[in-house]
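All chains are identified by letter, namely A, B, C and D, in their written order; residue positions are counted from 1 within each chain.
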């Protein structure tokens, strides 16, 4: 989950009586200053339940310590905004290597699997670093040193979306870390009211035709969502709701994890090598299946949307169910027809929640929030795709191989971060994100 | 490279005065008997240059010993044709496990990376096994035991295409094995006349629109080529010819293997971990680049089509050249406009050969034969795809993950095996096939 | 470095007028109470320079987090002393698994390579746990609940030596962790006065004969030092002093790391696989060799004893120097002739220091402290060796395979912990301990 | 198992009336010529049951193909004898790299784990190579080109012992290879008469004292057996016979493989990681334990000496039995008291055989032949040890790390190859040699 080129932001504020360019920049800078403050604060708010001890550990190469997320997101603003200003002197020049994630154009990187060994700077020092960067960015947005050019404002906006991506990763990485501890620590106690009863699932049909997908340039988007372009879709149908734990239990009980004919060859290899018998975080107890959540261990709720499955599991489940996973264009066509509300991080559940009522009028629901929905589409370039120039061109394009697209955001995604054209991507074996399943079929 | 469901073979012989069904079956069986004999003989012909010593070794997990190919292709006919006949008694019941490649529905498999340890049965015994299977299949095709039903004839036809796939693999696996030997053994001396001079490359433009791709059901196709369906293509252009060694040398000399900005992140990791500095089989000598071929080591010929590159290298080269790789539908649309002749295995070059004249009228040439052309399309199911029923459903579908499609066949492909809709597939790091590059771009 | 059965403690206090047994126990308990308090405090004192952030990280599977050392040493007293008292209720029963190092007889263990993931209990909670254990042990030593039997006092004494072993490991593990950080954090600034000038080395000869080695039972010893037994030694000589950095630089400059004929086959494999060109923590800079110490990076001092070499390097150096490494019995025979003073952890150098004057009368010096001295003796059981009964029998004996004995203690060893019969042991590739070289030769 | 410096061969022929030096050389050359012919023929005789297919495969990195053994032993004579003669021109100069095992002083080596990929030279070509070397060596021994100097004769003698070591390895490597094949091919059918009934085991006591061990220089020995030197042994006892399959079954049935307290820590890790539940080549069937032999699968015979156990298993068994493994000096002291007859390769059993009668007068029996006996002694240099000069100095010394000494030879050892001072060595996890157990204890 990484992001990109902020294109044509000016289209965002069409005005019959256009403001002078300079004034437009000032207004946009003020707006960004407010979003900057709230977005940066939101990241730190997610860290509030952590002990100092929790910030530094890295539970696997794919995950990063919370402290690293805090520092890297600040490094992003320092590197791509502050460092490009004449006369800026970084207080800690060696952070450039420590907190560079993967930007070869910027320079060397500290090896990713060893991030947990960076006990210095300390958590306290990293917060100081954040304060330093925040003050400098705020000053620039406030006009100190002259007005920021549009291109620099674009980068700040990109940086805020980047920060939101790391908010989600911070949560999923902390969850994975805590799950490794036999004490099963609680991040935040469960909120009341996140329950429901199983509801039936139906199908919504879509007809064949040429559709437009991809971002149209109004408002922010990552470069990988562009350009908007045409696709032909044969007739298809999408399930009205997400697959639930109850649905998936039927798969497990039907021998799902022991029947090779249901699996991709590569998935079956992983099942055997890793000994998978259930989604990540599930444990079978005498009294039935339990799962680990950010609120600790509890019983599996059959009405709840399934999460923490890999693409391999999603694909095998779909095959077992006589269906398939959606193509990303199919998902986007459907998503264009609905509101984008849902169970996002601001709701404070930190977990998908059950539906409490049937889909009105048989519409597709739960497209946004709750869980990222695996699609069968490999993550690749849209026709006419051009990565951003310079180092930020590394944001998205270089990952277009051996990854699958997921759509719709999750219970760990900030609401303002998601949209119908948003393309998340992970390799097929990834399970530690809040990833789930929506079925599709040929009509 | 694996194959599938032979659909609707009967359409192949439309006749104004339809033969009685029984007679149609008899005619088709006779035709298949002839193809069976020639195809099986062709496999053995490819082994003629091998010493007994060469048959058994396995140079890497992806490759198989020549002896295993000989046995497995026979196992295929025994398992899917002979074993389904009442009263058949296999002479070597334990071969079922030894020579099963990946058919979980059939039963257990001997571990793939250990095929080189099967010194028994000996080469001589495997040839006896082939004789046994050949006699039994020929007898059945000749009508002994009653006429074969159409479904069984379909499987025999599939088996012949399967055998042809293994002919190509046998050659690429032998090449890899011989390349591991510092003595650089020669499989067959080079034929005269396989030279030429570099020629310029141009572009052929194609307009946007809805196109049909996939197999239409007339004649044999693997299940992964079906069903024929519609796609929308934005305007694009394809290079008139393949990328040559000379073209690629310019990339190498421009630091291609040392510049991360040209590479997919995953590709760059592989370049560093494996220390890649050139295509597989290239060695830098004092006198310049040499390459290993089935005719031994020789100097790199700049006019010759490049081969033995991975998807990562193909993608990086295209980015360096300011272009991209084709989508598979783009390739297929172009291929529908040309004849399917080319440099196939029957030509006896066992290596791509230079063009000897410019493309007539600026057309796209070299689409068939010479080298498999990497596309940017992940190998996935066509809309409406249904795998074959039973064990043969494992032929193609279960590999639809983390592989890229290649098109057009190579100098190791039998001419009668290839067609415009044919989809080969390999993971992005694979280099031991005759895989090369054709450029594309957005128009 | 792990320890064992306290044998025949009573011999330690021979008295012409023996005290009544009960009084003897009381006196010994009082003495142990004082040592318990000071030893436990010393561990925590070593942690004083650490930030909370530093306590939890694990830099490699062989090392443990400081927090884990603090908890495990407490677990040891809880498990082997408190838990064996009727009526003891552990405040955190699940710590039994978390902080068990390798005692299969006690039960399951949390996987060693994942100790860095135990962010809970926090550092603060672990210090609370120490307080709890300390109060309970002190109360028992003070006679609450009745006098402790001799066997239990033996275990407490063992626990104190165990704690001292972990003091050394804590330091070497922290050093390794800090070395992984490009910021090169300083544990404690260097003390003044730890310098000197290079001095020549000589040889001290010992004659052939039957010698006694091993512990005689007066005072504490680990079970692996017993029983005292006879060995025959052919005539030999030991170098008067340790090998210095200057000595070793001559080896490096003579191509030591590039000449296979100097190395054990296994050592040469490691040199090539790991790319070794110098001892651990050495870096070549433009201005010459630097090394990382607990006081940060500084120039290599040629007069200083060499440290952080593996057995492979020690062996290769000795071969290059036309000598060999000592046998452990040779070392022990020599050590029996000298005082056991030296540069131990209490000196606060946390690094070996140069000699400031030639060895008086050509004696062997630096046998104790500074660096552990690799011997050529594989770690194995003495004739008549019996491991302690019960779980504590796992302390030493089960490691008697593929390890070499080191002798004499180091600058990280507590002075009261070492003795001439002490056997430390590590696998031949280990470099993160303060391990160095003394030469020997056949006389 | 590798060998060394032939020292002081002249002592072998003490004569009252010494022959002239030149005549002595001639006599010795003639004697060696006869041994050369018979030893070389014996190697090829062991290959008689192999198909060409069997010669080339390598079943694991520790093993080598039979063809490689045939070529390497010839390479040894070519490199260390023929190449040192002026005017010798090797017919295949590139064999120098292909068939060099580990002599860095000679030059580069083809990577050991890839020996199975050398399909060329073919088996036939390797036999031609042997013929060439044999003719050249025979001519020199016959005096063509002048008399061979003593030093060269020493090397030829070493080469014959080297060849005998490879005879044993060839057999154990072929056994391992065939065991990987589910067809369980038979190397040679079992001979009649290799059965017996279980007999009780007793103890023979040896008193404490200074003993001499090591080779005294009369006759051939490897350098690692020298010099003869003194050791002090505390009183000990050795079991009269080898541990049998029946003895070991009691260990298995008592939960031997599931009780960590019986195992070295490293051994227990291996047991769990590799899933060991019995010796190598044992399989549990419904009807009881079966084992794979060079005569195929058959039932485990309880009277037969146990073989194919690792040091870890030998050590665990001894602990379970309340005993220990012998030290190598203890074994040698005992062996000096007995005849060196036994079940060697010439007997044609290719497997240990049961005792048919109790040990006469309670003596130690089965010290020679049947199985190599694990000792608890790490393989290390004797006091005063000096490796041979030049490349042959790599023969033994560089392996003195992380290996244990085994004594006495096995059913795959040529009778003329073994002696009481002979030191074989393998790492503790090795199981594919004919390695078994004799118990010892402190007296």
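Note that a contact is a pair of C-beta atoms (placed from the backbone, for glycine too) under 8 Å apart; a residue touches a chain by one contact, two chains touch by 3 or more.
This one's a predicted model, so the numbers in the text were calculated from it and none came from an experiment.
Undergrad: In this assembly, which chains make contact with chain A and also with chain C?
TA: Correct list: empty, since no chain touches both.
Undergrad: Roughly how far is chain B from chain D, going centre to centre by Cα mean, in whole Å?
TA: Here chain B and chain D have centroids separated by 48 Å.
Undergrad: Suppose each chain is reduced to the average of its Cα coordinates; what separation in Å results between chain C and chain D?
TA: For chain C versus chain D, the centre distance works out to 38 Å.
Undergrad: Taking each chain's centre as its mean C-alpha position, how far apart are chain B and chain C in Å?
TA: Averaging C-alpha atoms per chain gives centres 61 Å apart.
Undergrad: Let me know each pair of chains that touch one another.
TA: Those chain pairs satisfying the definition are A-B, A-C, B-D, C-D.
Undergrad: Show which residues of chain A lie in contact with chain B when the two form their complex.
TA: Per the touch definition, chain A meets chain B at residues 102, 104-105, 208, 210, 229-234, 236, 260-261, 263-268, 311-312, 315, 324, 376-378, 380-381, 383-384, 393-394, 398-402, 428, 442.
Undergrad: Tell me, which parts of chain D touch chain B in their complex?
TA: Going through chain D, the ones touching chain B are 51-57, 59, 67, 94, 97-98, 110, 114, 116-123, 177-178, 180-183, 185.
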